[in-house]
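The structure under discussion is supplied below as structure tokens; questions concerning it will follow.
Chains here go by letter, A, B and C, matching the order in which they are written, and residues are numbered from 1 within each.
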Amino acid sequence: MSEPWAVQVKDLTRKFGDFTAVDHVSFKVKKGEIFGFLGANGAGKTTTIRMLCGLLLPTSGQATVGGFDVYSQPDLIKQNIGYMSQRFSLYEDLTVRENIEFYGGIYGLKRKQIRQKTDELLDYLHLTDRADTLTAQLPLGLKQRMALSTALLHDPEIIFLDEPTSGVDPESRRQFWLLIYELAARGKTIFVTTHFMDEAEYCQRISIMQNGKIIELDEPQKLKTKYQASTMQQVFLKAIGEIAQ
Amino acid sequence: MNRTFKSIVRKEFLHILRDYQTLIIIFIMPIIMLIMFGYAITLEMRHIEVAVVDHARTPQSRQLLSHLQSSDFFVIKAYDPPESQFESLLQKRQVRCIMVIPADFSLSLTGERFTPVQLLIDASDPNAANFIQNYFQKISALFNAENNPQFKFPFEIVPRFLFNPNLKSEYFFVPGLIAIIVLLISALLTSIAIVREKERGTFEQILVSPVHAYQIILGKVIPYIILGFVDSVIILLIGHFWFQVPVHGSILLLLATLILYLLTGLSFGLFVSTITDSQRTAMLIALLMTILPTILLSGFIFPVPSMPVIFQYISQIIPATHFLKIIRGILLKGIGLWELKAPILYLTLLSALMIGLSIKKFKVSLE
Amino acid sequence: MVPLTVENIKKSFDNVQALRGVNLQVEKGQIYGLIGPDGAGKTTLMRIVVTLLNADEGEIYFLGKPTKNNIGFVRANVGYMPQRFSLYPDLTVEENLRFFGDLFDVPQAVQTKRMEKLYQFSRLGPFKNRRADALSGGMKQKLALSCMLMHEPGVMVLDEPTYGVDPVSRAELWDILKQLASEGKSILVSTAYMDEAELCDQVGLIFKGKILASGKPTDLTQSLKRLIYLITTNNAHQLYLQLQTVFPAQDCNLFGNGVHLIDRKQLGLEQIKKTLLDRQIEFHDIQPIQPDIEDTFLELIHQREVPA
């Protein structure tokens, strides 16, 4: 795995019936990069991520994740990625500790490892004294940080985050992004979708998707220059707006 | 990978424990059902079909028959059927009982001899059998009072119960209850447990981990095997100590076959969960595929031989029919493995088939 | 008559005090935005307003009547969109809309007209025959919101209506809300997007069950009374970490366009610049800016929270 790409996608397509949700999408994500995957609702972001995580089979096209092929090596992909789905990745009727232990368990961690990781994590999230409360009772921002941490228990190289900060307040979102930065600093590749345009600026490169196609892919600064905009919000409105007309 | 598996089992147990309402229902339901079947169910009966064989053909015997006919409790369906037909008459439920008046009936009425009028009662429905016997007793008392009040018991009806000689209805519904409750837990609850996870969206999270399909399936299923097993043992214990259901056969064999049957139920539950995406559908399909046929066609409520032929065939497909054969055989007749090889083999093959189908259909993706 | 008045509402669950005396008023034709950290009590307050929960203490007046003994009246005259509104997944987009229209007795012709308007903002028009469970997350949210907007009652209570909604649709949704307000509707809305808070007539910042500050967005931001500097650079995260070694952590906030630094000790531009240069902290530019709602939010929270 000496190649510089964590994710390589070429002409990836997914149809539901005769509706094309993802339409010949091509892009590459560098190792260690924070890659923002933006787009209008229903553009095909979640569908793309699901294909990359081995949850959905593509209709056509090629994709490799961590050097593994999505068609023939989904099991290898699964061992090397972390994934946080758009909604509910924790069990609300389990306690904080039970959730962490469960996810540690399904990734085959040893009991000692799990115990150690759990303590570390609880400490890191300042949850030690709430370890035995039901997850349902945690505020959303904390839940999301916890979900991210559980998705990292097996120390994956590539991390897919589908709208991790939706509905999260400004303060908690910042905490979440500090976590992301920290991961990136450790060389992890982050693939993240968001509808918060300030978060888009935290990414090294972003793509904007609309109607199953990627319509822009570049560094935030370059896109701002291209659209003569001062914020990503304006870039997004202009890019999507132009297509819509 | 053993650890992965353990943590799925553990998590599933936690879900069950957290949802204490369901848990309470699971343990209270069998007790309530036992009490309902044991005490509450009485059937009102009228126009019970009987066959009579009058070997005496005297005025007295005819008088007895007219007593019988004048109550609207009995309807005489057949006169003097040959003895060779007795069993099939009863089995096909053409009549519920057969009265045989001996040739020396009137003779013994005048003498002080014991006159046995024989009564063959189909006791596969013990409640009904009891009822029939009581009613005959009344008729004979009436008849004696009219004819020769000076003798206390000049003639007596001697009942013989076919198909369930001790007339214990518990003997019948305790195994039946186990058959139903095991299915309820193994088929219904497992299918819901899997589909619920699909609905909630947490399934997606498990599917992106390197867990194998069979680990997810087995991990989710094992807690329910244990739950169903404990529940069945509770019913057996109550059945044995409260309702005196005998255990003539091997307990080991009994428990082993119980687990086999649990597996069959689970395999159905799994199959249901692989073909549905909503809890509601899962529940209905599970009911339709497992619980309903078990209650109606396994011989739990309606005896198989009295069903229309087509249903008799269908009942042979239903796992509960075979399980009832096994468990009644072990409990009541004390028969062993060898005699039960056919139903055991059937259940084993069926489970293997269903589990194979489920694993094959189980989607490791979100298609 | 004020359409909605909340007076000193208190509510506890088990041993948690969710609301500790909340007061607010929504005037006619006004949009009142509730912002606050997760778990501050926004949803609880909204549920009490629409009579789904009972307050332990306090009084709410809905169109002049106390809600306590007018539950039926409130429910008939309020439009409420819960946080995780669930649709009928097996009905199509259009069937869902029609159902909610019928539920609130909206005449067919009006339904059709409203649907057209709602399709505009939601862009769900092309998908009107698709089942709701085949929609993307944001599309579901937009459909849920549209369902609620099928009837236009005098008072609306919307709990995070733009959860997971993309910027284009959010902008268009707010156009609709603005228009409804201009027609005289009163709207109580919670949101996690601070740019939306700026669009409200009134904003209340709720924290640990109490409203910390409220007022017009501009009043709120001016109440901050602190100078804020925007420092730009290539690597905002790097800068943010470095600044924290010099300034208190709660005075540095990461934003899309750079780091916002609160000049709590009133050092002044030159002094700050000098400090940065002394410490060899790299940056492009530093300039004073007007604080916005997000700055205000973060500052108010930081003042009250022991820094982690």
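The rule we apply is simple: a residue touches a chain if its C-beta (ideal position, glycine included) is under 8 Å from a C-beta of that chain, and two chains touch if they have at least 3 such contacts.
These numbers come from a predicted model, not from an experiment.
Student: So what shape is it, when you link every pair of chains that touch: line, ring, star, complete or other?
Tutor: Contact map by chain: line.
Student: Mind having a look at which chain is the central one, using mean CA positions?
Tutor: A
Student: Please compute the C-alpha centroid of chain A, do the same for chain B, then give the distance between them in whole Å.
Tutor: Roughly 54 Å, centre to centre.
Student: Indicate the whole-number Å distance between the mean C-alpha point of chain A and the mean C-alpha point of chain C.
Tutor: Using C-alpha averages as centres, the distance is 25 Å.
Student: Taking the mean of the C-alpha atoms as each chain's centre, how many Å separate chain B from chain C?
Tutor: 60
Student: Give the residues of chain A touching no fewer than two other chains, as numbers and ranges.
Tutor: Each of 87 in chain A touches at least two other chains.
Student: Help me check something: in the complex, which residues belonging to chain B touch chain A?
Tutor: 1, 3-4, 6-8, 10-11, 14-15, 18-19, 200-202, 204-211, 364-367
Student: List the residues on chain C that touch chain A in their complex, please.
Tutor: 35-39, 83, 123, 127, 134-139, 141-142, 160, 163-171, 192-195, 236-237, 253-257, 294, 297-298, 301, 308
Student: Could you pull out which chain A residues touch chain B in their complex?
Tutor: The contact residues of chain A facing chain B are 50, 53-57, 74-75, 78-79, 81, 83-85, 87-91, 93-94, 98, 101-111, 151.
Student: What part of chain A is in contact with chain C in the complex they form?
Tutor: Residues in contact with chain C: 16, 39-43, 45-46, 86-87, 126, 138-142, 163, 166-174, 177-178, 181, 195-202, 230-233, 236-237, 240-241, 244.
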